[in-house]
Structure formats: structure tokens, C-alpha cells
């Protein structure tokens, strides 16, 4: 069973949902009416945090589960928590200034690639030894 | 087996695909050439329906499946149908005016959170009782 | 087991990640600073390749896996490779001009719909015969 990975999946979705709520709040704070998404840099940075998190979901979630299935449920979950921590850093940094988004971005990218390349390695190993 | 949830997954994807087709049609109706995505509010509302549906797919699909696996295939499928119904209301409302998107949005958000929080509760319960 | 489909999933994610890297490169090439995403058509086409690939991920990945589970792992993997090939054509075409994106788009759409409708057919067949 994959209880740890399932838990981290729910936490990642809750974090992602939180980034979408911030966009709604930023709309009212900066007076940006839907459907407008550009024009105000302060709003755009909050919007880009959500978008970038969305952009990484199809990298993160399938990699997380393939890693869990092919390697280990608890290790996948730990790497998933690192990914969420990197995402939180990215969000708090980018909200202040565009050039403060690097550290969090790097951490979440490393965690996601550890999951993806670990899973790919394990899958290819199984294919060869099957 | 998860035949009901699998069916609803296909229906949700077909609905989402329909929202992407509407963007293509709106491009020709309002004369917005690719790659432009902003400038005309009538086009932007159609575009935002697709984008918002995309934004909710990584919330909805994993929650749907975790609920199906940890709780019940048919109940997950029913909540999934409610989500699609809310999405359709959101699409028809938002296409008319930005302030008519609330009801459908609320319904689909409730369905998605019933799936997510239900699944999370069941996962944590299993973790504790394992 | 689904080793072939799992491999193609990793390849699709790697390709998608490559389209996000191209956006970062295009930012520096065309001098478009984050969080801006519009204003320069050359940048916008590179950005739209990534966005469109992202937009198709929730159509492609669930369809690929439902097809693999309900019909066949190797056939799903072959259709998945066709999808990636269509996506590569779409990327190289769109990068040159907006009207050169049609062929690759058509190929990846056909592959995705073969996966989606094949899976849906097999699921409904099982529901009826269960």
C-alpha cells in the first residue's frame, strides 16, 4: 500500500489550492477584475506562482507515484515533502520579488528530478531484467 | 475494480477537451490570432473557462482516484459527476458574464473538496490503524 | 505490470520539461523578464508550445494509463510514443510560425483520442459485461 505517498499527494493538492486562493485575494487587493491576468506586476507575480505550481503538477505527481510503486513509498513521500517545502519557499520568495524565486525553485526541481530519474532508472532496470 | 471512476475520468477529460475546442472557435469568432491570449474580454472569458478547468484537473483527478481507492468507486463516480455538472454551469455562466460564474464554481469546488478531504480522512485513518 | 507505459510516461514528462526550459531560454533571448508573458510574438509562440503541452497532459496521461490497464501496456506505449512525436513536430513547427503547428497538433490529437476513446470503449464494455 502507498499510504505515505497518498497523504503527500493530498498535501501537495492542498498547497496548490492555496496558491489559487492567493490569486483570488490578489485580484481584490490590486483591483484586477476577472478575466484580466496581466498589467500589474504585483498581481502577476502572485498569478505566476499559481501557474508555475500548476505547470509542475504533471511533472511531480506522476513521478512521485512511479517512484513509490517502483522504489519505495516512504522515500517517495519524503522527497514529496521536500518538493512541497521548496514550493513554499518559491511562493514566499516570488511574492516579494521576481529575483527571489531561485532557491525554492531549485529545491523543488531537485526533488522532482530525484523522483523522475529514480523512477525511470528503476523502470528501465525492471524492463531489462524482466 | 474502478469501472465507474474510470468512466467518469473519461467524461471529465471529454468535457475539458470541449472547453479547449471553444477557445479555438472563440479565436475565429472574435478574430484573435494565435499566440495572442489577451485583449478582448469576450475571448478572455472563454479562454479563462478552459484555463480554470485545467487548473482544477490536478485537484480533481487525483482526489477522485484516491477517494475511489480508499472509500468507494460508485460514490467517487457520483461526486465526479457533480463536479462535471458544476463545471458545465460555470462554463455557461462565465461565457455570458464574469459575475455569473459563482454558482457553478461553488458546486464543483464542493464536489472536489468532498473527494479530497474524504480521501485524506480515509488515508490518515488507515495510517493510524495500520 | 506496465513497464512500457511507465517508461513512456517518464519520456512524456521529460519532453514536457524540455518545453518549459525553452521558455526560460526564450526569456533571455528576447529579453522578456518574469513575470511578463505577453508582448513579443516570438516569445509568445515558445510560451504557447509549453502551455499547450501542459493543457494536453491531463488529457494524455490519464487516457494513456486507462488504455494500458483496460486494453494493453505495449499498445498504449506505442500510441504514447506517437503522441510525443506529434508534440515534437508541433513544437518545431510552432517555433517557426503559428501556421506551421497544424500537422504535429493533428498527430498528437489523433494519438490522444485513440487512447481516450479506446479506453472508454473498453471500460463501458466491462461495465456492461460485469
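Per-chain residue numbering starts at 1, and chain names A, B and C are given in the order in which the chains are listed.
As a working rule, contacts are C-beta pairs under 8 Å (C-beta built on N, C-alpha and C of every residue); 3 or more make two chains touch, one makes a residue touch a chain.
These figures come from a predicted structure and were not determined experimentally.
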* To do: Go ahead and align subunit A to its copy subunit C using Cα positions, then give the rotation in degrees, nearest 5.
  => 120
* Does the subunit B and subunit C pair touch with the same residues on each side or with different residues, judged by whether over half of the numbers are shared? -> different
* Centroid spacing, where centroids are CA-atom means, of subunit B and subunit C in whole angstrom -> 19
* Structure fact -> Multi-chain contacts in subunit A, i.e. residues touching at least two other chains, fall at 38, 54, 58
* Asked: Residues of subunit A touching subunit C in their complex?
  -> 38, 41, 44-45, 47-48, 54-55, 58-59, 62-63, 66, 69-70, 98, 101, 116, 119-120, 123-124, 126-127, 130
* Contact residues on subunit B for subunit C in the complex? -> 1, 3-4, 6-7, 9-10, 13-14, 16-17, 20, 33-38, 50, 54, 57-58, 61
